[in-house]
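Okay, got some structures for you below.
There are two complexes below, and they share chain A, which is joined by chain B in the first and by chain C in the second.
And now, the complex of A and B:
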C-alpha cells in the first residue's frame, strides 16, 4: 500500500539531505583512487628523498591484481562502514522526532514504511557503486590493462550483497532501538559479530566477508567460489528485513 | 449513535495503569472536549484510538471500525494532530500536503486545490514554499491542523491543539475547530478549560485513567452548579449588617464578605431569587451589582478532579 509514494519521498529525502551525495562521493572517490593508488604508490615511495637506491629493486611492478586488491580493500572497509552509518538512524530518528507516529496514523503500513527506506538506500548504493565501478574499470584500463566486464560486474554484485547484509542488520537495529545511541550500538554489534566470526578459519567461509575474496578470485581468473556464503548472506538480508517488519508491527511508536 | 465508543479500556505500562477501565462515547458531529490533568490518560487514549498503541484490554470503535483489528480502514476515517506534530523539515508545506494527499489517493488536481484551500484556511499561503525546518511551533501546529484535514476525515483527534499557540493563534485554531462542527466529529484533548468552554458541546473529564463524568457542557455546568449570588454595594457597614441578617434565614447556607461584595450561598435558588433583591432594597442598600453566579467549567473540573485525588 502506497509503496511507490513513500519510496519517492525517501529518494527525495536522500537527495535533499545529501545522503545520496555522500554515498556517491565516497564510493566514486575510492573507485577512482584505488587503481591510481596501486599504480603510483611504488613511484611515490621511490621519490621519497633519502631512500637508498638499491631498495628500489624491491618494489614490485604494480599489476592489475594490485589495482583490484586496493579497490576491494577500500570498498570492504568504507562501503561496509557507510552501509552501517547511513542506515542506523533511519527508523529510530523518526521515532524520536515523532514523524513515525505522525505518518503511521496515515494510510502507510509499517511494512511499507520500513521497506521503502531499505529500497531507497539500496538504490543509492547500487547507483553509487555502479559509478564507482565504472570509474575503477576505466582507470584500471588506462593505468594497467582492460579487465573482463563479466567477472568485474560479479565482483561488484557480490560486494553489494555484503553491503545489503549490513544495511538490513542496521535497519533491524534501528527498528528495535528506542534511542539513537542504542541503534548505533546494535549496528556496530552486527559488524563485530559478522566481521569477527567471518574472520575465523573454516566457519568464515560461510559468512558474508567471504564474498569479497570470491569476487577477487573471479576478477583475477581464479577458481575459488563461495556459494554457501552467498546463500547465507541473502538469508541474513531476508531474515533481518522480516524481523524488522515483525518487530515494528508490534511496536508502539 | 456513537462515532467513538470505548468500553472498559485499560492500558498498563508495567505497574503504571495509564487507563483503568475507561468508558467513552462521542456522538457523531459533536465537538468533544476530553479534559483531564497532566498524566490523566488523555494522550494514551488518543494514541490507542488512532492505532499507535494497543490497549491491555477493552474495546474501541471509531467510525464503525474496530480499532484493535482495523488494518488499513482506520487511517482513512480519522485525522490526527499530535501534541507536537513532527514534519520532514526539508519539505515545504505545499510538498508536505501534496505528499499526504498522495497517501490518501487524491488525484493531482484534488491535491493541488485541497492543499491551496487548507493553506489558506490556516493562513500559511505566504510560507507555502518555505522549508518547514525554519517554522515556529505555532506555524507547525497550524500546518498540523491542515495536515489532519487533508482527506476530509470523519473523526478528528486533536491532542492539545492550541496549547502551544499565542492568543491570536489559539483563537484561529479554535475558530477552525468550531467551523468543523457538523462536518466531522472532533475529539479534542486539552487541559485548557477556557478552550473547552468555548468550542465543545460535549465534555468528558478523565483522571487517573478513569472517566469521571461525561455530559453535554451545559448539563454539566447545571449539574455541578454552586447555588450562589453576589451582591456589591458602596455602603459597606450597611452591606455587612444585611449580610449578618441573611445568615439567620433558613434558605441561606453561608454568607461571606470581601471588598464590598457579599457572596451568598443558598439552599433554595427560587426563594433566594424572590427574596434577595427585595431584602437588599429593604435594607436601604444602593446596589452596584447583583448577580447569580454561574459555575465555570473550572469549578466543575476542580470539584471532580479534586474529589478524585482525595479518594
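And now, the complex of A and C:
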C-alpha cells in the first residue's frame, strides 16, 4: 500500500473522529471573533451601567494592532492546545485497541503509517488556519483597515510552524507511550519544556514560541526577526518525526 | 448607555454563533447514536448545550467511547 492510500484513510479518520471539525470550528471562531472583540470590547465596557463617564477616557480607541494582538494571543493558546490534544492519541489509541497491529499486517511500512498520520493532521491544520486567517483578514479590513497580505501570510505560516512542532512532539509521545495516560503526560511535558523554557528571556529567542512575536512584528511593520527560532523549530519537527519512526520500527505492536 | 454601538456588534458575531450551533447539533447527534459514553448521557447533553463553545469540544475529546 502506498502513502496516498494510507493518507486517504487517515483523512477519512479525521472526519470520522471529528478532529477536522473541532480544529476548523475553533480556529475559524477565533479568527473571526478576535478582531471583532478588539473593536467592540471598549464599547461593551463603556455600556456597563454605572461606570462613571470619566472612565471612558481610559479605554483608548482600538487599533489594528489590538486586532492582531487578540488574534495571535487566541490562536497561539488554542492552536498549541489543539495540536497537542488532537495528536496525542493517534498512535497509542490504535495500539491499545489493536487496530495498529491489524493494519500493519498489510504491506504498509511503519514509517508510512506514522507519516500519513502526521500529514493528515497537517492538512487539517493548514485548511482550518487558512479559513481562519481569511476571516480574520476580512473582519480586520471592515472593522479597522486593510493589512498587507504578505506579512499576514508570513504570520500565519510562522504560527503553523509552532503548531507543527507541538504536533510532531505529541506524535512522538504517542508512539513511545504504551498507554493513553502516558501519551497525555508526554504531550504536556513537551508543552512545559518548550513553552516554559521558551518564556525565559534570552534563551527564549531560540524557542518556537518566539515565532509568534516575530509574526506580530511583521504584521505591524516592525523590524524584529527570529531566524534561529525558525530553524530550530523546523529542526525539532524533523527530529521528532525521525525519532518517532525509529522508535516505532523497533516497537512490538 | 450606548445601545446603538452594541447593536452594531451583533451582526459580526452571527458567523461565530452559527459555528457554535453546528458544533452543538453534531455533538448531540453523535451522543444520541453512541451506545457508550464516559459518564451519563444526560450529563453530556447538558454540558453540550449549556457550556458555551467548549461543551461540544470537551464531549468530542473525552466523552466518546469506542464501541
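As a working rule, the second predicted complex is superposed on the first by the 252 of 253 C-alpha atoms of A that agree within 3 Å, B and C clash if a C-alpha of one lies under 4 Å from a C-alpha of the other, contacts with A are read in each partner's own complex, and residues count from 1 in each chain.
FYI, contacts are C-beta pairs under 8 Å (C-beta built on N, C-alpha and C of every residue); 3 or more make two chains touch, one makes a residue touch a chain.
Since the structure is predicted, the reported quantities are computational estimates derived from the model, not experimental observations.
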Considering only the touch criterion stated at the top, classify A:44 as touching first (chain B), second (chain C), both, or neither.
second
Is A:253 contacted by the first partner chain B, the second partner chain C, both or neither?
first
Contacts for A:106 in the overlay, against chain B (first) and chain C (second): which applies, first, second, both or neither?
first
Please work out whether A:97 is in contact with chain B alone, chain C alone, both, or neither, and reply first, second, both or neither.
both
Residues of chain A contacting chain B in one complex and chain C in the other:
17, 97
Can you list the chain A residues touching chain C in their complex?
17-18, 21-22, 25-26, 28-29, 32-33, 36, 40, 43-44, 46-47, 49, 85, 97, 135, 139, 143
Mind listing the chain C positions that touch chain A in their complex?
1-3, 5-6, 8-9, 12-13, 15-16, 19-20, 22-23, 26, 30, 53, 57, 60-61, 66
Please name which positions on chain A make contact with chain B in the complex.
1-2, 5-6, 9, 13, 16-17, 97-99, 101-102, 104-109, 252-253
In their shared complex, chain A is touched by residues of chain B numbered 47, 50-54, 72, 75-76, 78, 80, 82, 84-88, 90, 99-100, 102-105, 147
